[in-house]
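Next come two complexes built around subunit A: one with subunit B, the other with subunit C.
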Partner chain A sequence: MSETAVKIGGNKQSLFINEVKALLPDGGNLNLCLTCGACSSGCPATGLEGMDPRKFLRMAAMGLDDEITSTPWVWMCSMCTRCVYVCPMKINIPQLVFYTRQSWPREERPKGILGSCDMALRNDTCSAMGTTEEDFQFVVEDVLEEYREAQPEFTAMQAPVNKKGAHYFLNQNSREPVTEPDEMVPLWKIMHQGGADWTYGTKGWAAENYCMFLADDEKWEHIVRTKVKAVEDLGCNVWLNTE
Partner chain B sequence: MEVSGEAGNFTIKIKQSPRYIDMDKCIACGLCAEKCPKKVDDEFNMEINKRKAAYIKYGQAVPLKYAIDGEQCIYLTRGKCRACEKFCPTGAINFDDKTQIMSLNVGAVIMAPGYKPFDPTPLDFYGNGQIADVVTSLEYERLLSASGPCMGHLKRPSNNREPKKIAWLQCVGSRSTNRCANSYCSSVCCMYAIKQALVTAEHLTGDGLQQTIFFMDIRTPGKEFEKYYVDAKEKGVRFVRARPHSIEAGRNGSGVRLQYTTESGAMVVEDFDMTILSVGLEIPPESKQLAEIFDIELDPFGFAKTDYFAPVRSNQPGVFVTGAFQSPKAIPRSVTEASSAAAEAANLLNQARGTLTREKTYPPEKDIAAEHPRIGVFVCSCGINIAGVVEVDAVAEYARSLPNVELVENNLFTCSADTQDLINKKIQEHQLNRIVIAACTPRTHEPLFQETLKEAGLNAYLVEMANIRNQNSWVHQKTPEKATEKAKNQVRMAVAKASLVVPLQSLSVAVTQKALVIGGGMAGMTAALTLADQSYETVLLEKAERLGGNAWQLNETGNGQPIRPMLEDLIKRVQSNQRIKVHTKAKLLSAMGSVGNFVSKIEVDGKTRAVNYGVAVLATGGKESQPEEYLYGQDPRVKTHLEFDAALRERSDEIAAAGSVVFIQCVGSREEHRLYCSRICCSHTMKSAIKLKELKPDMDVVVLYRDIRTYGKREDLYKQARELGVLFIRFDLQSKPQVHIKDDDLQLTAFDPILQRPVSITPDYLVLAAAVEPSTDQHLVELFKCGQNEEGFLNEAHPKLRPVDMSVDGLFVAGLCNFPKPIDESIAQAKAAAARAGVLLAREEMQLDAIKSYVTEKCDGCALCLDVCPYRAIKLEQYQQDNGTNHQRVKTDPALCKGCGLCAATCPKEGVHVHGFTLEQLKSQVHAAMAPLDSAVP
Partner chain C sequence: MEKFNIEANFEIQSIIQLYAQWIREGKLKPSLEWNKDRKIKFTVQDPCQLVRKSFGDPVAEELRFVVKAVVGEENFIEMYPNKSNNYCCGGGGGFLQSGHTEARREYGRLKAEQILTTGASYCITPCHNCHAQIHDLSDIREHAWDTVHLWTLLCLSLGVLGPNERAYLGDDLKDVLVFHPETEM
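Entry: the complex of A and B
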């Protein structure tokens, strides 16, 4: 942490925190902090980069805009909202973090998240791994066949793809079909045992949305719309997103 | 259930649930509860243990009468049992008792339904109800209490072992709007947590004990509260400024784990044996229903809404609200306000005062002066309370052998109504002229037997009690034979003294039904007006040229009401009141006499005159202290609150032009030379800061503070200030903000404990929250022999039990001279003082207790007793003997004497005695105690 004195005052009407407040219902309560530290006490990112939620909000309140908009800490927040859950003033720190992420030039945002978002935009599967429609369908059918043979009690198990009019449209984290295909099966078994009428779709099947974590609103919306369209095209009633 | 009518004439319909026990017959022996087979969760002990369906709520219940819980009783719910009825020795059980609907005609209503503790269940992250060793503060209070489920031997719920490390979490259900709607501060939790921590330390022994209090701000703004906090720190209670995120269960099925970040950001994981949730106060739905019935307005938090200038008045005329129902508050203010409400009711009903009073008459008192003692002894079995241990027959038999005893009776319950009739009858039949009751304690029962004697035509002081229950059967259960011997001894002692007791006459003095009020500020004027409204002539003294005091310098109340118009109105009402004589530029020169009859010389505008009065209210006020730091007095931009208020009032445009204003809190308060918290400065700063933000929203307003102490509903001001963007930076006493002048600018540096970085500001104004001091002059204190605390604030007789009485009877205290307080609290206290004063003034003459000291011929005026008398009831006087020589001796003032006996114990020459406890009487008891039981008393 830098030891330079914080200067309060002067003409700082365009404070970053005020811009964020204007975007949030009740201003996200961002002014109400009692500095009690309940947020920091439960934050998985406390201490990383010498930062924690209370300090972050405090710096915003003191107008240290340059520092808060440049700390990489904002990318270490997992958006878990444990902080808001216990905050006596219900201060929406995650939203402040989110808008701070947006203040970063897109190309300077963390490579992993940026790359995953861009990959998901490549085709309508929305997969951050870039998995195509054909590959996904092939893996699902292949794994299903294998299990039905190996486990006789699941001979009748289904893993439908593009089944029109199914009740549930199920999403799938796209890491699994690529790296750990077996990991898809437990969920299938649950759906089977529960007698659920469900389907995957070749379009919009990927559950994750890195564009949201990237704070790229436009692309985030694009991903969501693509998935919603996939659900609607198959005429499903319920969209089950496991992420 | 219903209310109709209006102030002065309400009709109120009340439903009373059946008790199933006849209150007149119940003697609280406890057999019904003992025999009752039905166990029920004990709500008084927070359901930690069980009570019976036949029960008393708690040991101190008044009246001490049992009840049957109709919803739990086996007979009432299933038609079989009636065990209590079989065992009740007085036939008090009445299963035919029915719900009563009654109608009351009253002139005024005082609502004091109290509060309920916040239920922390919705705050699931604290695990209340899930983790065994997480309890609420009220549950803990019961666990700690000698009358609680652990009998005072603290055990933690998970494994019944003594906890060592205990943590308190403050502000649970207070100062929060998340899963809880209580954005106010509950006012009492900091003090009760500190108290619990200190009491815990007293209860536990062994190594590794630690009490830790996790807090946001410690709020100890009451009189002597800050000292209590400092003392707790010195005694090792650990205070941690942190709020753990959540509570996890301990590793081995007991205890808890807390994870928290320190103020500087370090993460700490710490295990505790127990965690106490310091739960806040809130208004239960039943009270809200009650408010609906009376159609009284509640504030957004559910508390009764009142005006700053009429702190116990609801919006409905004739309906008054008090205690925690009005706002969260601790006992001293609740008791004070209760008296304020009584004052309001008394003023409303002034016309009717005394019209429903009935006086009890007694037969003429027999003259027994020439009679030889004829003693009647009544030995009580108290059900099995005494008889279960002490052989009462043997005691009675023994009593018959004692000198002067004419009659001995053994009663199942000597205190029961039929026994009183019996005693009366026996007095007549046997011409008894002294009575000995061998039963329980005179503390609770002596007045009853004195009454019985009066009804039988005997002087009330001819009864003696031997406490063979509390001091015998209850403590010697395991040695009944010795207990019986001891009881005989106790009875012999009582009989010995009874033979020597003589009738005593209680003194009565005429009351001067006039009041003196000293101090013409808000408190003094309110007290004077309240007394005048009760029809008492009142003299109001003010040392300044005009009435009003500090209020002239204030702008607004906490809720934004302008003070000036209200003040002017109050002054007008005081000045135009026929019963109030106002003296400005006045000074008290002397004060003589005692309660009911004081006389003073006063100087008004250079002229001296005398005033007679029965009571006095001291409301001599306080003042803002002069800061000695932060460039105060050296730079005009550095101002106190009152100076800044004046600037806001007179040149707000100039102030609004400022770019930045900084407030520094606790200037001269909470430091070694002035340890107390001045109570009002945090709220004052909030008001000013809010005003600045309203004048100019983009002004930088910064508050440098140690703890924010906007207690109670005033927390809303703090919240409002934060909402408007006021920045709050905490500092420690060790690292106070620094101010200097650079290039003609005020330069201020502080240290932000969260960022661990210095902060610099260039304020246009620096406002100092200067401490409040008493302005009482010492001469007045000497004249009235007032009690004062270390800092010179006038003391009340007892902070909880008698918060507006002073220790000198007939004197009352209100306003800033007692302790710093905001206007609403000053007004409430002034009304309370007037109510208490009114209790004395309502009587034309005052009965004093007969147990008083008196001087004998043996006094030689050595005056040793003067020093020990705590009531200053003894004076030295000169007199001339017949032979013309001058002598001195002491003189006691029965109006001031409380009969404590310190003088008699100190006197080396038997020169001063106390009626009812003469040396001769005490000696006879000692001889009786020392002599063998079967020998005659020497």
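Entry: the complex of A and C
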């Protein structure tokens, strides 16, 4: 409990929470809180920056807009949705957090997330590490060739790139091709033994999406559309998410 | 895609579902021989994105089916809570790139305590963000456990894991069932 009385927003007409409610199906149930605290008691972010999910929602409901739109806590909530899962009223606090992130001026959002989003926008690979289509294809083919030679049982192993009509379009976190390419090999071996007809795409192969975390809807949509187009252009039936 | 009303003419699947399917179909035949006498214990992190936010408890069951098939049922130890009710490790939502390192590690304390409570030597993390975060949570505790991808263990139990594909195995498994040991770099 607060030591001093909290002054609430008074007669303010347009509260931030109302703007968010307008964006969510059923208003995200944001006005249904019973204050039971199930969200906060099972939230690993409880206590960081003196905040927790229930407190955040209550502050929003009371119109403490300046406070909720300035706390860095919104970047410490991982939007894991456990609070929604345990909430008897299914209140979508993570969406409130998401739109609060969005209320921050873009250039003031965390530099690491911003940088990774901007990097992913540089080319159609969507790689947050800025890997180009050529570099990705080169690494895959180079590593594949090396392993086919070194491990003769896998001479017939494939790691196709841009194979039209393959059943599965497999994505890959940028870290493997860029910093630890040997880690891709166990995955290829499993695909090989499973008998899968699969492919990577030089476009849209990167599994990560930092523009989503940045709460940059326009850029997030761009990334998703680029990836969807990549899968469709190759005529694949399944977009297969890696580990 | 739902958010942006994008209609696509393909399905979305997780590779975990395929691992399970291929083991059931006999396309993949993992052997438990390597852990029969060693009895090395494993726990598993249910990735929020995979389980709670995408496919729910059914995929958590698939995940356990695969884990048990590669490490042995008696060598798998659950964390509590788990599956859809699992705690996030703190690697998601951009936390790893947000610059709030101390807060991220404090967030992960709950996960670290969960893992330590199991007493397992390894935490399996079938998600890239979970892998990076849980690896870091171990490192700041003097490497209290090893953090490993599922593909590593699957290939180990298939007998096809080479010497250069073992970056995340601990010393207890570095030399076990090495495929083409002569190719070590």
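Methods note: the second predicted complex is superposed on the first by the 234 of 243 C-alpha atoms of A that agree within 3 Å, B and C clash if a C-alpha of one lies under 4 Å from a C-alpha of the other, contacts with A are read in each partner's own complex, and residues count from 1 in each chain.
Here, contacts are C-beta pairs under 8 Å (C-beta built on N, C-alpha and C of every residue); 3 or more make two chains touch, one makes a residue touch a chain.
Note that the coordinates shown come from a computational prediction; the quantities given were computed from them, not determined experimentally.
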item	value
Touching partner for A:R82 - first (subunit B), second (subunit C), both, neither	both
Which superposed partner A:V185 touches (first subunit B, second subunit C, both, neither)	second
Subunit B versus subunit C as contact partner of A:V238, first or second or both or neither	second
When both partners are placed on the shared chain, which of subunit B and subunit C touches more of subunit A	C
Partner chain(s) touched by A:G42 [first = subunit B, second = subunit C, both, neither]	both
First (subunit B), second (subunit C), both or neither touched by A:L23	neither
Partner chain(s) touched by A:A207 [first = subunit B, second = subunit C, both, neither]	second
Which superposed partner A:D52 touches (first subunit B, second subunit C, both, neither)	first
Subunit A positions touched by subunit B in one structure and by subunit C in the second	42, 47, 82, 85-86
Residue ranges of subunit A in contact with subunit C within the complex	42, 44-45, 47-49, 72, 75-82, 85-86, 110-113, 115-116, 147, 150-151, 153-154, 168-170, 173, 175, 180, 182-183, 185-187, 189-190, 193-196, 207-208, 210, 213-214, 221, 224-225, 228, 231-232, 236-243
In the complex with subunit B, residue positions of subunit A that touch it	1-10, 13, 31-43, 46-47, 50, 52, 54-55, 58-59, 61-62, 82, 84-90
Partner subunit A, residues of subunit B touching it in the complex	125, 171, 175-178, 216, 242-246, 259-263, 265, 267, 659-660, 698, 700, 702, 719, 722-725, 727-728, 730, 749, 752, 754-763
Residues on subunit C engaged by subunit A in the complex (per definition of touch)	1, 3-4, 6, 8-16, 18-19, 22, 27-28, 48, 50, 52-53, 81, 84-88, 90-100, 103-104, 106-111, 125-128, 131, 149-152, 154-155, 158, 160-162, 164-165, 167, 179-180, 183
